[in-house]
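Next come two complexes, and both contain chain A; in the first it sits with chain B, in the second with chain C.
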Partner chain A sequence: MGADILVYAVLYAVTVGAALGVLLNKDTVKSAMCLVLVMIALAGHYLYLGQEFVFAIQIIVYAGAIMVLFLFAIMLLNMREREVTPWYLRNSRFVGGAFALAFFILLAVGINTFGTIGEGRSPAPAPSIPELATLLTTKYSLPFLLTSVLLLVAVIGAVVMGRRTDPETGEDYLADEGELLQESL
Partner chain B sequence: MEPTFLYSLILSATLFTIGIVGVMWKRNAISLFMNVELMLNAANLAFVAFSREFGLMQGGALVLFIMTVAAAEAGVGLAIFIAIYRSRRHIRADEIDLLRG
Partner chain C sequence: MTLIDLQPLFDFLGRFTGGPENALVIVLAAVKIGILLGHVLGIIPLIIWLERKIIAFVQDRPGPNRVGPFGILQGIVDGVKLLMKEDFIPSGADRSLYLLAPALVLVPAFLGMCIIPFGPVIEGQLLFDIYTLFGLQGMWTGQSQLALAVTNPNVGILYVFAITSVAVYGITLAGWSSENKWSLLGGIRASAQMVSYEISLSLSIIGVLLVAGSLNLYDIIGNQDGGMIPVLHWNVWAQPVAFLIFLVAIFAETNRLPFDLAEGEAELTGGFHTEYSSMKFALFFLAEYANMITASAICATLFFGGYLLIPQEMVVNVLDGILGAFAGSQAGLPYSRSLAEVLAILGAPLGLALKIFLFMVLFIVVRAIWPRMRYDQVMSLGWKVLLVAAIANLVVTALGMGVLTWVGVARAGADASPEAIQASIDSVTKNWKFTIGIVTFAILVVVDRWHYVARRKRLTSKYRNYALVPATKVTATAG
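This part shows the complex of A and B:
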């Protein structure tokens, strides 16, 4: 039990510290790298909770694919400008912080209530990957298939949103590299 | 009740709150998106914690679906930001108010 608490304390410190890094960094790239650290720490948490499959897809999909997508978008937008809060948004920070604090208290009360409900039960055995595979291909086979449709629609949507059109004729055109280079300079 | 369950829920609540604060404080649309991802991750952690506590596999399946939706959302959203950046030269969320009432 002592080792458990130690592992948990380290994971908690890394996760919350990196999440605060996401929040407080003015530089978007550093913020994104902190988010990668949050996701890897959460993957460690999943491993610790006995969910190997979720651990694997967390690393591959989140820390790998989605964050690379974010970094690519930051690179394409050439976003090295630092965030500056204008005067008319200063006060909204306090309001937002107060609202978030209230929400956290609400969550804490909810968790506390749940803690008393769950007392006296013995912990259940960790579910296995074959069980998850069976669940996904039997009971949840329709949602599982629909996720593939969703991904297809997302790919088509991203292509449609991302393509360039000629402002005069409305036709698609591919910008040559010189133009892209000039735009980024 | 396992103590790790309670710890996981507390960590999940903390991450979700940090995500909310980020969504309220940031102006840059990509930073907003990163904080939304943080909130999705917090929800995933809560699902996994409940799944572990009750010995159910549904949590893992839901996490898989959430990750798919998050990937689709990130792909389409970042494409939209790039399209907006092309016409406006910035993606400051408070200044993109074309659809305001």
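This part shows the complex of A and C:
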């Protein structure tokens, strides 16, 4: 049990510390890197609860794909230079604080109602990958297909946004890195 | 026979880790990590020397030939030179991220290596003998296993995906934090390229997973074992198209020529590591080679049977014959077949090492003879060719595995038990998986020829008024 507590302590410290880093860093890139750390720490929680599959998917999807795009967008837009705050973000600390408080109450009530893992509840055994696949393609096939349609829409949207027309030949092509950089600066 | 009694040591360590069994797991992992890290770090200077020699051979120069015989110690001298250099941080750089970036490049390179099986799983009587040798027979149970890999998670290959997907950060941050436009462009190029090729890489591997029916690397290797000649069961015969896609994609993932746009020295003066010097530059260098080794090892594991080269029993029999004859000629020498088995297992990593070496030579030769691609060529190859081919390969493989499964069920007969049906499916898919390879490869060849002929016709009709018919259409680079 002693080793368990040590691992949990480290995991919680890293998760909470990195989450604070996301909020308190002025620099957007560092903030994003802290968010990456939060994602990896969450993956660590999953791993320690015996959910290897969720651990791998968490890192691949959140730390690997989504956060890379975050970082990419921040770097391309060069957000550091733009310190102008739009009107709807001026009072953000109060609105955000209210939301945080509401979420905290929600969590507290939830934990109070359903209890935590430590109190005689062990984590559910990790489903094997064939089991997951069977569920995904039979019981949950409709949400699965709808998600793929959503992703397809996103891909088409990206192509439409990146499309440029060559003024000389009239041919369509996708903007390359140089053009995107120039337009964003 | 007990060589050294380690039981008291583990009893002592067990007091901190909740039982001597946990201590054994931790110590074994540490030993395996030490062996792996030592070998990889030790071989990298030699590989760098080999690379310079091969490139020199291709370019008709002598190459490094001053330090040691044939200049073989050049890598060590280079390392010392880099250590002695001034460690320089540009004044405009973002200090913390600038210092963090080399570590973020190096760590995933070594983490990916953890999962590679470099030898079989030891269990049963043989493991008991090994435990006895170290006085640990008290900890042996019937379920004890010792895998010759640092870790053997069930999600196996997904772990590799996870690690490679995190590897982008180091290069991106290195480029961004240097406060240099060339570095930034290099970093952005690298991340765009790695993200693009990761998709083809993953999709090509999924074909292999379908054939093997498991994510675990030991299961994938076991699926490629069997018969007197394991070569015939390699996945490369079942998934030739996936192998080609995977090969191209790992060149792009490791940022090696012809995909080294991230550091193209003609355009970006070194790309993302332009501003790095001394040991930090060396870390990038080290990570590149570590990545190459990891990629080669994964390629060997997925497509070329991993550590399997010669059937293990054959090696054991030959060794047993030789050692037994030797022990018989010397009076009073204790000998048992276990020794031959242990030696055979210790020899298993050599099979993997040989395959990794051949892939490293391929990496180096391609670097020596291939020109760098243009950025738009890289992107169109990744998105318009490899991704499409990978999806097509996946669909054909899935259909093929469906047909093979159906054949397996039909062969087992209507009134067979579920176990018999499963065994029949397994044997049919294992012995006939090469037919999927023939079909996918044939489709690839046909589509490629058709595409080539159609394009050729289009281009020749467009340019028929010109005296010279260009073989390929040259488009102007935008931007």
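Definition applied: the second predicted complex is superposed on the first by the 129 of 185 C-alpha atoms of A that agree within 3 Å, B and C clash if a C-alpha of one lies under 4 Å from a C-alpha of the other, contacts with A are read in each partner's own complex, and residues count from 1 in each chain.
By our rule, a residue touches a chain if its C-beta (ideal position, glycine included) is under 8 Å from a C-beta of that chain, and two chains touch if they have at least 3 such contacts.
Keep in mind that this is a model prediction, so the values were computed, not measured.
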Check your understanding: Between chain B (first) and chain C (second), which, if any, makes contact with A:Val29: first, second, both or neither?
Key -> second
Exercise for review: Go through the superposed model and pick first if A:Ile57 touches only chain B, second if only chain C, both, or neither.
Suggested key: both
Exercise for review: May I ask you to decide whether A:Leu77 touches chain B, chain C, both, or neither, giving the answer as first, second, both or neither?
Suggested key: first
Revision key, fill the gap. Of chain B and chain C, the partner touching more residues of chain A is B
Exercise for review: Using the superposition on chain A described above, determine whether A:Val14 touches chain B (first), chain C (second), both, or neither.
Suggested key: neither
Exercise for review: Could you look at A:Leu37 and tell me whether it touches chain B, chain C, both or neither (first, second, both, neither)?
Suggested key: neither
Point to revise | First, second, both or neither for A:Ala154, with chain B first and chain C second | key: first
Exercise for review: Would you sort A:Phe104 into first (chain B), second (chain C), both or neither based on which partner it touches?
Suggested key: first
Practice item. Answer with first, second, both or neither: which of chain B and chain C does A:Tyr48 touch in the superposed model? Key: first
Check your understanding: Can you list the residues of chain A that meet both chain B and chain C?
Key -> 1, 53, 57, 65, 72, 76
Review point. In their complex, what parts of chain A are in touch with chain C?
Key: 1-3, 27, 29-30, 33, 36, 40, 43, 52-53, 55-57, 59-60, 63-65, 68, 71-72, 75-76, 128-129, 173, 175-179, 181-182
Revision key, fill the gap. Chain B contacts chain A in the complex at 1-11, 13-22, 24-28, 30-31, 33-35, 37-38, 41, 44-45, 48-49, 51-61, 63-65, 67-76, 78-83, 85-86, 91, 94
Revision key, fill the gap. Listed in rising order, the residues of chain A that touch chain B in the complex are 1, 4-5, 8, 11-12, 15-16, 19-20, 22-23, 28, 31-32, 35, 38-39, 42, 45-46, 48-51, 53-54, 57-58, 61-62, 65-66, 69-70, 72-74, 76-77, 79, 83, 85, 89, 92-93, 95-97, 99-101, 103-104, 107-108, 111, 114-115, 118-121, 123-127, 131-132, 135-136, 140, 143, 147, 150-151, 153-155, 157-159, 161-162, 164
Study note, to complete from the structure: So, in the complex, the side of chain C touching chain A is made of residues 17-18, 22, 94, 96-97, 100, 153-155, 158-159, 161-166, 168-169, 172-173, 176-177, 184-185, 187-189, 191-192, 195, 198, 215, 375-376, 379, 478-479
